[in-house]
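One chain, chain A, appears in both complexes that follow, with chain B as partner in the first and chain C in the second.
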Partner chain A sequence: MATAQARIETGKAVNRRGWWVRNQRKIAPYLFVSPFYILFLVFGIYPIFYSLIISFFKGFGFAQKAFYGLGNYLFLFQDPRFGHALLNTTEYALGSLLILNPLALICALALNSIFVRWRPLKDFYRVALFLPFITSQVVITIIFARVFDTQFGLLNTLLGWFGIKPVGWLSDPNVVMLSVIILGVWNFLGGTMLFWLAGLNGINKDFYDAAAIDGANRWQSFWNITMPLLLPVTFFVVLQAIIGSYNLFAPVFLLTSGGPSDHSLTLALYIYNQAFQNFNVSYASAIAYVMTLFLVILSIFNIKLFGSWGAFESVQ
Partner chain B sequence: MEQVQVTTGISEDANLIRARANPRRRIGLIAGTTIINLFFVILILATIIPFLYMAFGAFKTNGELFATPITFFPAQPTMANMSALLSNFPYARWMLNTAIVAVFGTILSVLLSSLAGFAFAKYNFRYKNALYIIILVTLLIPYQVLLVPRFEVLQILHWFNSYQGLIVPNAVGAFGILLMRQYTLHVPDEMLDAARVDGASEFNIWWTIVLPLVRPGLAALGIFSFTALWNDFFWPLIVTTDPSMFVVNLGISSLVGPYDYQYGILLSGTLLAAVPVLIVFLFFQRQFIAGLTQGALK
Partner chain C sequence: MRPVNRRTFLKAAGGVVAAGGLSEILLSGCAPAVNTGAKKTLNFWAFTDTRTAWQKKAFEVYKKQKNPDFEINWVVFPYQQMHDKILITALGGSGGPDIADIEISQFSRYIKGDVIFADLAPKLQQMGELDNFYQASATDPWSWQGKIYGLGNELNTCLLSYRWDVWQKAGVKTPIETWDEFAQEAIRFHKDTGNYLLDMPFDDSRWWWLMTLQQGGGFFGPNGQPTLNSPVSINTLTYQKKALTDGWSLRTQQSLQSYNVALAQGQIATLLGPSWNFSGFVQQNIPQTKGKWHLQPMPRWTADGSRTATWGGTGVSVLKISPYVEEAIDFVTFEHTTPEALLNDFQIRQVWPTYKPAFNSPLLNQPLPFFDNQKVGDLIKEVSPEIPKWYNSPYWPETTDALTRLGVTNCLLNPDVTPEQALNDAQNQAKKIIGFETA
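And now, the complex of A and B:
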């Protein structure tokens, strides 16, 4: 109404402003989301394509490159170090899935059970277990350097009280990945427990009452009500485990540098080494793309198994 | 009375009363409570003891740090490590860098994410679905694919060793937009329409109406961003090579290795680096946890 009046009173002069007032509602959303897309264009899309292109080249440093075709990829498949990196990364992912998540789920169930009745105590447990989640990877790595130390470490001292001989947590090739997994469990138990708690609290209590009336015992309730209704959270948590394994960098970079003899080399560390220490950037890009391929395949499996519960609802 | 959440069985009170009444179940209840609580206490000890060991280590002399058997409490507490840290390294500068990156990065992230979240929550525009899917897809892209080219982009922009280089590339993320969209969906459309009738511009609507109403979301995202930015180590590793531009986490990581024998200094640096986020967390726990669980229940 204001615009109509203005147009009558001042004639043509206000047309431009009227156009803006009339159309801003249509244009505004595009303006609002543009910062993200501009940044994404420069730091996301361009890098993705550039990375793909240079993976087909060969050359050291960021300058001269010669076309190499699929050479980098062919080399990758018979590169023993890549095999090690893939194996270690997969071990860590399995550790997340088979150790961290069940443990976190058990903690969430225990926290919610009648065995923990006092509300302030429950809050205290939650907060205390969450502390490692908010500390930086570097701080955690330095702390665990002292925990895993063969001579002066906390773990070996603890084992010593039980008469167990010191373990070379970071020096024994067979144990080193387990040490990284332990570090990961310590790091993410509190946070993962919180995810599971959120999922548990979202389950309608009436289901349990109905089941109890029908004569179901605790175990049956758990498997037939709790587990299925936790599927969306399971999907999210499995995704986090996979992504976390691919991002694993700081602990192996600072504690072991991928050693001993590549037994704690992860994909992230291998890519970093190739790109910034060997300056073999094209090969690093090739590794990154193969890794992305694995990620896509695993994500598809994840969606098939756990994702059927509206995890990807369209915009409404 | 606060009802404890249940995972199995009928309402909690009934269960408790029944358990307490029946002598056999009562023993089971007491035994279970003891065991479970003991389990948690052990877990918490396992969580906190490494922290405390690090914290106390910052005040031990080097001789004590490398003594066997290891000690927990410092026998002769000393401030030598702290003072050596602050005088030999630009630690205060590192803290300042980290604070600048964390604070400005958080403000930028929260504002831009809220703006985009508002657009996706309250507007219908062409390509909206496609653009939204693009945002979801970015969550899946591993950063290793972007690593090398981003390095070159930084080179072109001359953003190495700069605050812009540290803050801008990761300013707006899919997580933030999705989170803010969740919170913005709850803003009543009538308020927005009323504002439009009153002649407010779209930007004004966002600034004066939507922002105050989504304050819990802003707080959750803010805390989360602050923590992520403060703790980030990898991107500063790529962007900065000049020690005076290091963030504190990168700074202490540069002490690992060369200064291993001066462990006390390393530990005191670590302690100081971990404390700010700890304090922020203790004050804003609820917002933090809210932001985290909102993402899980997407």
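And now, the complex of A and C:
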């Protein structure tokens, strides 16, 4: 009897071990990747959905909430500060699109040009332009606070040599966003340039040879070969500039705190102020969701636009 | 010996981790998580080493005199992180400190819902010490609806600090008694030297606050509602705007380095504020001006008006969820009512205490070389009783933000905006935001 019982127990153990042996190769990969997904679930997915839920509530911080329906969203559209933040952020995004991106392309074309033959010079400029991109934004902002200083700043001193009166780079409501854009251009020029360079290096040189044989000049080659073949990179750079711009936080937080009188308030800074200064977390969540929706719409628009230009068709 | 392959290694490693985890779970049931020794340990959270320095010394004095059955574990976090964590741990119910330093502008968020701090008033009344404090700096900032949720040891009596060398050279009269007299002197000073007796910061409300409090006004009334467009508030902003339009003052951003340069060069020859400003930041930022500063009471607005105000400060609060509330309150009240403990902070940071009996010490009244050997303690003791009472509110960030954006900045930058219009806008927006939050 005891022997039979022992046999049954052993059989169960063997079965269990057998199940593991049979299935471990299927299960092991999931076990190995599970730490990332568990962390992502807890610290990524959960807060995203939780903030959506609390955007329909009202109350102080994360406690004492009462259901408020669409109240936060309705208030948002009557809130002039939200309007200011959206306009300022859009102004910065336009600066990224219309100043930063073309400038980065020009730098990339210059570095990629066959006319610049001395390689050390190319490498020097590549590194020099890229350095601000890997420098902490906090450090850059502290330096630019000195550059933009109205009375003793480097920029106004420089302008003074040409007889130009001091400009209130951080104090003039009409100029302050331009200052933030200048800082952004200096900060991100090198990084954006690298994307363009990667795109330029990916273009088959045979196209240019063929065009040259057909009598195309450099300008025609640029417009008819370079630009169309750079469309996928252009799409990426544009999308990245838009998303990055709408998340602008550190420079304005450190440089102006959104001032003077909200003229440099951005959406991300407004969300921070609402969430961590006023502790109005529900309203901050509503702003964050509206901003996300806005970015999704912009992204879809971009995908459609670039798609219609053939950016996603492969070129052989 | 069996060879170690991948499978046996993983099994062994898994076994060690599992055994460790299991033993942790089982053993954690045997003793309290925090207090595993014979003595209790209270956690004290702060955001600066300089404040814990004097409190550590105060605890040494406390231990000598009271021989308590607890120790204190001192933890210093970055400023914002500490204040955020206190709120989150208090709402979560665990993991936070027993005692914490709370900076004045951060206090409001802890009184928005259920207050997370213990009331210190009963203990102070029992000790009979309440009237021994300069309350405008010691208790007013951490008080709400009649309860005292924190104690500050920093007497933030505000004075007018001026470059005596610059003033003397330009023949500016001292002491200046009233703000009208100050304006007259400032006009003459600017005409003669091209420099400015006082600046007007346009991106924060610091001068506005000091000048308004002097007249009995402030951010809030007794009910915690904003009073930004009160007559005295408008009077202050009118004075500031007129100073700019008359040309004797300069718009500044005091957070920028150029402000210190201007002070060092005498282009701006006066500043206002409490000891942490005139003897803290100034000594740190422009030490080369040592011996060139004098202090005098702030000019009055009216013949019998106050010659001072209070600005800023950090208080010590006890968290209600602490298992050692009584012990924590005992230490906090001790360190704020024991001259021996408080004088350490004067030696470390040159902070004058809020506890009146401590002023009997000659240490506080000694001549200070930075101020050309002026006896600053005597002056502070003389004007401190004149600090007007003021009120805090859960709506501090909303109100001060609206004041700066729509009131001070808007008025001082735009020639077309009148002080009354700007402060009405600020008041309306502050009330609108509060209305939305409390709807």
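The criterion applied here is as follows: the second predicted complex is superposed on the first by the 279 of 316 C-alpha atoms of A that agree within 3 Å, B and C clash if a C-alpha of one lies under 4 Å from a C-alpha of the other, contacts with A are read in each partner's own complex, and residues count from 1 in each chain.
Following the convention adopted for this analysis, contacts are C-beta pairs under 8 Å (C-beta built on N, C-alpha and C of every residue); 3 or more make two chains touch, one makes a residue touch a chain.
Given the structure is predicted, the values throughout are model-derived calculations rather than measurements.
By the touch criterion defined above, A:Asn23 reaches neither chain B nor chain C.
When the two complexes are overlaid on their common chain A, residue A:Ser171 makes contact with chain C while staying clear of chain B.
In the superposition on chain A, the chain among chain B and chain C reaching more residues of chain A is B.
Shared-chain residue A:Phe75: touches chain C; no touch with chain B. In the superposition on chain A, contact of A:Asn204 is made with neither chain B nor chain C. Shared-chain residue A:Asn224: touches no atom of chain B or chain C. Shared-chain residue A:Pro260: touches chain C; no touch with chain B.
In the superposed model, A:Phe279 lies in contact with chain C only, and not with chain B. Looking at the shared chain after the overlay, A:Gln151 reaches both chain B and chain C. Judged by the document's definition of touching, chain A residues 62, 145-146, 151-153, 276 lie at the interface with chain B and also at the interface with chain C. Residue ranges of chain A in contact with chain C, taken from their complex: 58-64, 71, 75, 145-146, 149-153, 170-171, 173, 256-257, 259-262, 273, 276-280, 283.
Taken in their complex, chain C has these residues touching chain A: 80, 84, 87-88, 91, 109, 112-114, 202-203, 251, 253, 256-258, 261-262, 397-398, 401, 404-406, 409-410, 413, 433, 436-437, 439. Only residues 2, 4-12, 15-16, 19, 29, 32-33, 35-37, 39-40, 43-44, 46-51, 53-54, 57, 65-66, 68-70, 112, 115-116, 118-120, 123, 125, 128-129, 131-132, 134-136, 138, 140-153, 155, 168-172, 177, 196, 199, 201-203, 206, 227, 230-234, 238, 249-250, 252-253, 256, 263, 266-267, 270, 273-274, 277-278, 281, 285, 288-289, 292-293, 296-298 of chain B touch chain A when the two sit together in their complex. Within the complex formed with chain B, the residues of chain A that make contact are 2, 21, 24-26, 28-30, 32-33, 35-37, 39-40, 42-44, 46-48, 50-51, 54, 62, 107, 109-117, 119, 121-122, 125-132, 134-139, 141-147, 151-154, 157, 186, 189-191, 194-195, 197-202, 205, 208-209, 212, 218, 221-222, 226, 232-233, 236-237, 243, 246-247, 249-250, 254, 267-268, 271-272, 275-276, 281, 284-285, 287-289, 291-292, 295-296, 299, 311-312, 314-315.
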